[in-house]
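Written below as structure tokens is the structure these notes are about.
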Amino acid sequence: MTSIDMPWTLQLVIVGFLLFGALVALIGSWGLAKLPDIYTRLHGPTKASTLGVGCTLIGSLLYFSHQQGGVSFQEALVTIFLFATAPVSAHMMGKAALRRRLKGVPGTRNMPDR
Amino acid sequence: MALLYAITLGVLTTCGVYLLLRARTFTVILGLTLLSHAVNLYLFASGRLVSSAPAIIGLSEQPADPLPQALVLTAIVIGFAMTAFVVVLALKAAVELRNDHVDGENPDEDLA
Amino acid sequence: MIATIVPIAMALFAVAALLNLYRLAIGPDIVDRILALDTLMINSIALIVLSNIWMGFGMLFELALLIALMGFVSTVAMSKYLLRGDVIE
Amino acid sequence: MPLALIILLPLTGACLPALMQGRSSRLLASVSAIPALLSLLMLLSWLPHVASGGDTIVQQLTWLPSLGLNVAFRLDGLGLLFALLITGIGCLILLYARYYFEGEDSVARFFTLTLLFMSAMLGIVLSENLLFMLVFWELTSLVSFLLIGYNTDRQAARLGARMSLVITAGGGLALLGGVVLLGQAAGSYELSAVLAAGDRIRAHEHYGLMLNLILLGAFTKSAQFPFHLWLPHAMSAPTPVSAYLHSATMVKAGLFLVARLHPALGDTSAWFHLVTLTGMVTLMLGAFVAMFMHDMKGLLAYSTVSHLGLIMLLLGLGTPMALAAALFHLLCHALFKAPLFMMAGYVEHATGTRDMRRINGMWRFMPAMMVLSGISAAAMAGLPLMSGYLSKKMLFTESLQVSTPDWAVVVIPLWVTLAGLFSVAYSIRIFHNVFFNGRPIDLPVWPPHVTGSAALSPIALLAVATLLVGLAPQQAYTTLIQPAFTAARQALVAPYDVSTLGGNVPMAMSLIALAGGALFYRTRDPLFRFHARLPEVDAKEIFDWVMRRTIALSQRRVFQLENGSLQRYLTFIVITVVLLVGLELVAVTHWHGGLPLGPLDPLTVMSALLLCLAAIGVVVFHHYRLPALLLLGVTGLFVTLAFARFSAPDLALTQLMVEVMAVVIMMLALSFLPQTSPRESTRTRMGRDLAIAGLIGSGVTAFSFAILTRPQQTISDFFLANSVPGGGGTNVVNVILVDFRGFDTLGEITVLGIAAVAVFAFTRDLQLKERVVDTQPGHWVAEPHPIMLSTVARLVLPIALLVSAYIFLRGHNLPGGGFIAGLITAVALTLQYMAGGLVWAQQRMLTAFRPLIGAGLLIAVATGLGSWLFGYPFLTSAHGHVTLPLIGEFELATAMLFDLGVYATVVGSTLLILANLGKLMTVAGPGKEIG
Amino acid sequence: MNHALILPILLPLITGAGQLLFYQAPFALQRLLGFASTFWLVLLGIWCLQVAGNGEHLVYHAGDWPAPFGIVLILDRLSAVMLALTAVLGFCCLLYASNGGDQRGAHFHALFQFQLAGLNGAFLTGDLFNLFVFFEILLIASYALLLHGGGRARSRAGLHYVIINLVGSALFLIALGTLYGLTGTLNMADLAQRVAQAPPGDVPLLAAASLLLLVVFGVKAAILPLLFWLPRAYSAASAPVAALFAIMTKVGIYAILRVFLLVFALGEAPINETAWGWLWPLALFTLALGGIGVLGSNSLRTLTAYLVVLSVGTLLATISFATQESLGAALFYLIHSTGMTAVFFLLADLLGQQREEGYDNFTATGPIGHRWLLGTVFFFAAIAMVGLPPFSGFVSKAWILQASAQESQGFWLWGVLLAAALLTLIAVSRTGSSWFWRPGDMARPYPLERGPLTLVSSMVGLNGLLAVFGEPVMGYLELTAQQLLDPHAYIAAVLPEAFVARQEVAP
Amino acid sequence: MTISRRSRQYWLPRPLFSLFLALLWLLMVNDFSMAHVLLGLALGVAIPVVTHAFWPEEAKIKRPLPLLRYLLVLLLDILRSNLVVALRILRPARHLRPGFFVYPLTLDDDFAITILASTISLTPGTVSLHYDSEANTLLVHALHLEDEAEAIASIRERYEIPLEEIFR
């Protein structure tokens, strides 16, 4: 880390984003580890991929924008790409789970059984 | 750091070699891949471990040794080519020989 | 401040990755494991972005970019394999 | 007159019969006789010179002087004696063969081989250079092999041929060793030098080995015990061959060699013991066995063995005249044994058998033959006035001359007398049993088919020669033996009167032998009965059994190692590494090289932990393939992170893309493999493997620790300094790849291209009869191309191409480059395959992958070759700044063009592999080529 | 700088790439291209022999970067010999393959050219990592060629061959990493100097790295106990490929010579002593195993594969004496054995095609076509193989015996070498007598391919010529050995300044 | 479907997308110089031409502005539902009432449907699992499903109707 001659307010904002992002992602992964069935677990990574990574990226965007004296847009690109691809992963994994006739946790409503 | 890195390589190598010595092609390929990870990291380490100093002119005072990086890049590519090749070959052999044993003569297969 | 917080954030993501690996190990189904790997990949994007700040050059953006854009290909390949028994037909 | 001509005549003459396939034996014999006779005449023309004690003639041509191997010929008394025997008896054999093969077709082979043999044999006796002599030595073994196996359809012939080849050529190998040692001890392979260096040779540190090896060569060739076994089985050859090779000439080569090298090696205790004892055993054994042989040729063969032993014994004795006696007996033996063989051949022809128990009373049918054979048999028995009488008396005389060691003084005279007794007995037997001894019993050919009298001419000529030597021994001695003796001793020998030799004791010994032999023959019936009760031992069977056992054993031993188990081979390799490297590492005193270890941070610790856990996970889950593959993916991801962590963004990018591609390829392959593999290893096996793997792992740990803590001096400063001014890029890694070490990169993409083409080649005709996993396609979610996937895939493709372009263009200055760009493109296109199916995607894209690979390679090479135009070496780069309106200044480097080649090759290779792997899945199956 | 120096690599590379680019062109054209390239390689090989014959090292700086920074190619006598041998062998194999064998799989010609490029690169490069790269090229091409023609035996043997060589490559990289980590350079000449000046604490590590390299090259060269992949792989390959593979083990031997006589040869106590110490017993056992394997083989191709093992054992045992005479003898034997094992692989195919059953299997007995003609060819080939006069095997054996007689341990080699020759003799005489003597002619023999027969006969003849005109060859090889034993000349050629500097320091 | 090389369809198959790519390029290189604008535009034109065969349908997005508003709404929703779901995850699992529901679509364009399905997945708490092309329905899993009808209505109102507007 090279230069830290950054206004403390900006630092605070960046730190806030980074910490928040990390916490959200941690909760998402906690969910992945804890939730009872595959269908509920599928919701975990959505958190990481959206808000978790998103906030980290915003923090990074702010940091590098200040560092390079201009707006750093590359973080935005990462977000766009992630938002485009992550739902497909979830979709395909969900289909795979259905295909393998995985059972939902007892009490799951409308469990498809076709 | 050096010790941690070295131990990690040791674990990777141990796992890779152990898998190499198992009796199925697929496992052997797993072992080869792990081993090649370890080897690439080892080759990489021959330039010493440097933080925050990519071998790009103008970024840092003492850039990392670029040569091992170039070598590892070549090694990764060659490793990729070889892995792809050996995977397909293993598949071909498994289909033709009707199993994926690598441990000695198999009475089930006929080498016509 | 950033210098102290970034490692903490990284540690949090690393814990998240450890949790992912835990799920990967226990399964129980293969889909759970794929999901765990997918999540791990996404968490690693954050790890890379944080490392990027930590190192201070912005040399790792492309890496994050590529994981975001191409990382899902392997997840798709595995899911499709489970779905159909093949990947390309 | 060049001596080479003597050898070359029969050698080139050997072609004549070969060109006259299918002609009669009469014509072939006449044609073959021409070169043989010419050689004989040339030799005879040298006889006066040699007999008068003229100089040794040496003629030389350089061939391989570095090796000491020269084309060098030598003619002295010893060589001439043998050469005359070879050509003289050879001519008679050709004459004999004319009748022997009468009426048979395709006998050209015999005449060719016989001439070839004659020339080889002449080569042995006329060589001045010992290595050159070896060439002919081995040639005689080979020709003998071919001649023994002449009747290829008979198993006995094949076996006998192989046996003789193995023994004689094997001996030849030993001889090669001995000769090399001898040459080194003497400083030259030229006989003149070797024979003059006797004292130095005998004092040489390797004298014993040298002697043993050379004698091994000589003993095998001359059928000395225990190598005599091949000779009786060589009797499967046609009789002319037996008469020529296996009694008169080839078997004498060993004797020739011993006589020849006597000045260099002889007259030591080792020499005496080896040569004399071997000769004694062979002499007695041959004589004893010969007595009990019922087969005519067998008897003659064993008697030959016995006589060879006798001569060998004489050569070993070391008494002044023993050598002369040996040479004299050698001459006599050739003269009387050849006609006996010829006789046996005729009788076999006439009667259809060689069994003397059935052949009796032949005098009625072939009286002339009876008379002629009688002369030879008498000579063999050593009857007075016959050649053999004199030689045997010389033997007895010399046996009495032995003064040391003590045992020999008594044993040798007794021994030779006993052997003489046996030889008398079998001589009587072959003559009496064939021509007398009552009437024939149950002959296959009846009445015996009698050969014309002209056919007897060779026998007659040899009988006359026998008589001549017997009647005028002194003349024979002075013209033939004396020069040979002189040459063999390498010293002037005073003239010697054969008729005055000996005294009463040798005479008595002769008489005892004669009388005892006659008595022995009288009492043969009980002896035969006794002998018949002895267990029968067939050397050929034993040889074959030993061979088969050896081969079976070899197979088992080899199979124990090379059993087709990859695991075993890998274990060998790994253990070798552990051993070799481990023993070296014991000497390492300082593993820590002095540099500080470097601070730890929590992220790195955690990542390292995760990487280790994932790797261990792969091991734990290796029976379940998909989970193992996922864990492998985790390791790949963390290796990527490690590269990122330690300042190698290029590596991280590459590793990531390779990882994605590799997972897809493995997934593709996995659908043909079983999902799980059974647990097969035992616990001990697993423990052993784990121990080995752990050793290797700790080795790697120790090595990397040692390296990481050692200070470094490297050539890399040059790259950092020259990257911008010389290579025109700030990303030093990329500049190394495309410029400093562009040659490596060219090689690397070649590897990738070849791998892809190889995959194409070997999946082209692969027929997948069944898929290992069953797919159950009917499930409601299992549609082939989910809309969501295909839509996003279409969206990703142009974006990925954009990213490709970005990564490609920045590569020279920032992390990126052609290889990563190529992989991005390839992965994006792979996604299209997955989303829309192979056929769908193939219809929409450029599919000429192989030409793309070729073009990529050619672009890269052409870029490199471009520098030739400017007089620079291959791959010399150029770069410069270009200014365009609107755009401004930007940089162009030839390296970029090189990188374009890399890009094309990577895209082509990756997709070629993928498409062909995917093709295996298509229902359509193989047929149309893809890529 | 003479650009022809890089042509042995570029020419086949371009040809191969061109054959891929125009893969739809008529097959005859592809074949012709391959021939043209290989023919030029033969001419280049002769040129190299001539140029290197002056005793100078020709250096080519790829990319115009000075050594040790850029990659240099170095042509010395050894490289020239290997290049010429490869070219001639390649040409013969290509001739044999063009009889139809090249059409039994895809892209034979392109792969063949790549194989040649890899081989030539390995022989020319002066950079250790570049050597690794060329090893990979020649290996991947050999994997592909091994599988040419398809079939289960090939798949299986090929898989083992590939995996073992991948492990070998991993070890190679570890050795490279160690060497670079300790010395900071990759150029072999530079490495030699730095290894010699290494601090004492690093020497055991460097020695360990050198032994790793020994294992790597030992796997390629097929030395005990690393050779077990070989018999099946070689006997499974199609004839022209197996014949070309005769040079593959020699690459390992070349690498051993190059690395251990240059990189680890300097200093007060050269590291290569350790390697010779290991090489000697291992090579002897290899030789013995080769002999036993030859005897125990059940087909002619397996027998030939073990002959390869035998020749490797002989070569390495001789090399491990590391004297001028032994190296010269070894190189002569290398040429001889490469040619003869190639001949035997081709011959096995030629004969196998004419046998009514069993192809080249020894257990099968049946009539054989053109018995006398083929029998004669086999007879001469067998004589040449066993090392009986007047073929070059005899000369090389005599030379090896002479060279090793001067060593105290040399007699072990004598014993094993002569015994192995005897075992070979037993094996081939059994084969010959049971194939050509036992059963009769085939009633209606398959048509005899004249081209391949002529080729094989000429190759045997060539072996004879090597003996007849052996003196200049021996002279050349002796000088080659002399050059090999003088690494300073090599280093001076590659690193002129460094050499001058060193000379000035040294009194 | 073959398109003449002369036509605008061939050389500029989807102008908006070309602009989008050019924009992406500029964001990626993070350099808004003239050279990069030109290069981005060139790539933006060239890449759709090269990849047109993979994506032959005509562009459906007619109005980009509502799309921006849609994205804004999406971002807010992501933030909101993230918090909700975070609380759900942290509480014991027995409080969860997970369930599936079938969402009947009114959209009929593949691209629009994909965006909707992605939106559903991106907002924590719901994941779209399967698209039934015959019934034109999406199968959705909700982490906490209290009222099926309400969930459907919410999706319809917040996302599908705006999307219909964009893709009309």
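We just call them A, B, C, D, E and F in the order they show up, numbering each chain from 1.
We take it that a residue touches a chain if its C-beta (ideal position, glycine included) is under 8 Å from a C-beta of that chain, and two chains touch if they have at least 3 such contacts.
Owing to the predicted nature of the structure, the values given are computational and were not obtained by experimental measurement.
K.L.:
Please identify each chain that touches chain B as well as chain C.
P.N.:
Common neighbours, chain B/chain C: D.
K.L.:
How short can a path of touching chains from chain E to chain F be, counted in steps?
P.N.:
Shortest path length, in steps: 2.
K.L.:
Taking each chain's centre as the mean of its Cα atoms, which chain lies farthest from chain C?
P.N.:
Taking each chain's C-alpha mean as its centre, the farthest from chain C is D.
K.L.:
Give me the ID of the chain with the smallest distance between its Cα centroid and the all-protein Cα centroid.
P.N.:
Measuring from the global C-alpha mean, the nearest chain centre belongs to E.
K.L.:
Work out the mean Cα position per chain and let me know which chain is farthest from chain E.
P.N.:
Farthest by centroid: F.
K.L.:
Could you tell me the distance, in whole angstrom, between the mean C-alpha positions of chain C and chain D?
P.N.:
60
K.L.:
From the C-alpha centre of chain A to that of chain F, how far is it in Å?
P.N.:
17
K.L.:
As a quick test, compute the distance in whole Å between the mean CA positions of chain D and chain F.
P.N.:
74
K.L.:
Between chain A and chain E, what distance separates the C-alpha centroids? Give it in angstrom.
P.N.:
Chain centres of chain A and chain E, defined by C-alpha means, are spaced 57 Å apart.
K.L.:
Could you list the positions in chain C whose residues touch two or more of the other chains?
P.N.:
10, 15, 17, 30, 34, 36, 54-56, 59, 65, 69, 71, 76, 78, 80, 83
K.L.:
Could you check chain D for residues that touch two or more other chains and list them?
P.N.:
Residues 564, 566, 568, 570, 629, 645, 647, 649, 670, 700, 703, 707, 712, 714-716, 719, 740-741, 744, 747-748, 751, 754-755, 758, 762, 781-782, 786, 788-789, 792, 795-796, 799, 803, 814-815, 917.
K.L.:
Identify all positions of chain E at which a residue touches two or more other chains, and write them in rising order.
P.N.:
Answer for chain E, listing residues that touch two or more other chains: 129, 133, 136, 140, 143, 147, 155-156, 159-160, 163, 167, 174, 177-178, 180-181, 186.
K.L.:
If I apply the definition of touch given earlier, which pairs of chains qualify?
P.N.:
So the chains that touch one another pair up as A-C, A-D, A-F, B-C, B-D, B-E, C-D, D-E, D-F.
K.L.:
For the complex, which residues does chain C have touching chain A?
P.N.:
Touching chain A from chain C are residues 1-3, 5-6, 8-10, 12-13, 15-17, 19-20, 22-23, 29-32, 34-36, 38-39, 42-43, 45-46, 49-50, 52-56, 58, 61, 64-65, 68-69, 71-72, 75-76, 78-80, 82-83.
K.L.:
Which residues of chain C touch chain B in the complex?
P.N.:
Going through chain C, the ones touching chain B are 54-57, 59.
K.L.:
Under the touch definition given earlier, write down the residues of chain D that touch chain B in their complex.
P.N.:
It comes out as residues 563-568, 570-571, 574, 595, 597-600, 604-605, 608, 611-612, 615-616, 618-619, 622, 625, 628-629, 632, 635-636, 639, 642-643, 645-651, 654-655, 658, 661-662, 665-666, 669-670, 672-674, 677, 680-681, 689-690, 692-694, 696-705, 707-709, 712, 714-716, 719-720, 723-724, 730-733, 736-737, 740-741, 744-745, 747-749, 751-752, 754-756, 758-759, 762-763, 766, 768-769, 772, 813-815, 819, 909-910, 913, 916-917, 920.
K.L.:
Would you pull the chain D residues touching chain C in the complex into a rising list?
P.N.:
Against chain C, chain D makes touches at 601-603, 606-607, 609-610, 613-614, 617, 626-627, 629-631, 633-634, 637, 640-641, 644-645, 647, 649, 652-653, 656-657, 659-660, 663-664, 667-668, 670-671, 771, 773-777, 781-782, 784, 789, 796, 799-800, 803, 807, 814-816, 824, 827-828, 830-831, 833-834, 837-838, 914, 917-918, 921-923.
K.L.:
If we count contacts the way the header does, which residues on chain B are in touch with chain E in the complex?
P.N.:
Those in contact with chain E are residues 20, 25, 28, 32, 35-36, 39-40, 42-47, 67-68, 71, 74-75, 78, 81-82, 85-86, 89-90, 92-93, 96-97, 102, 109-112.
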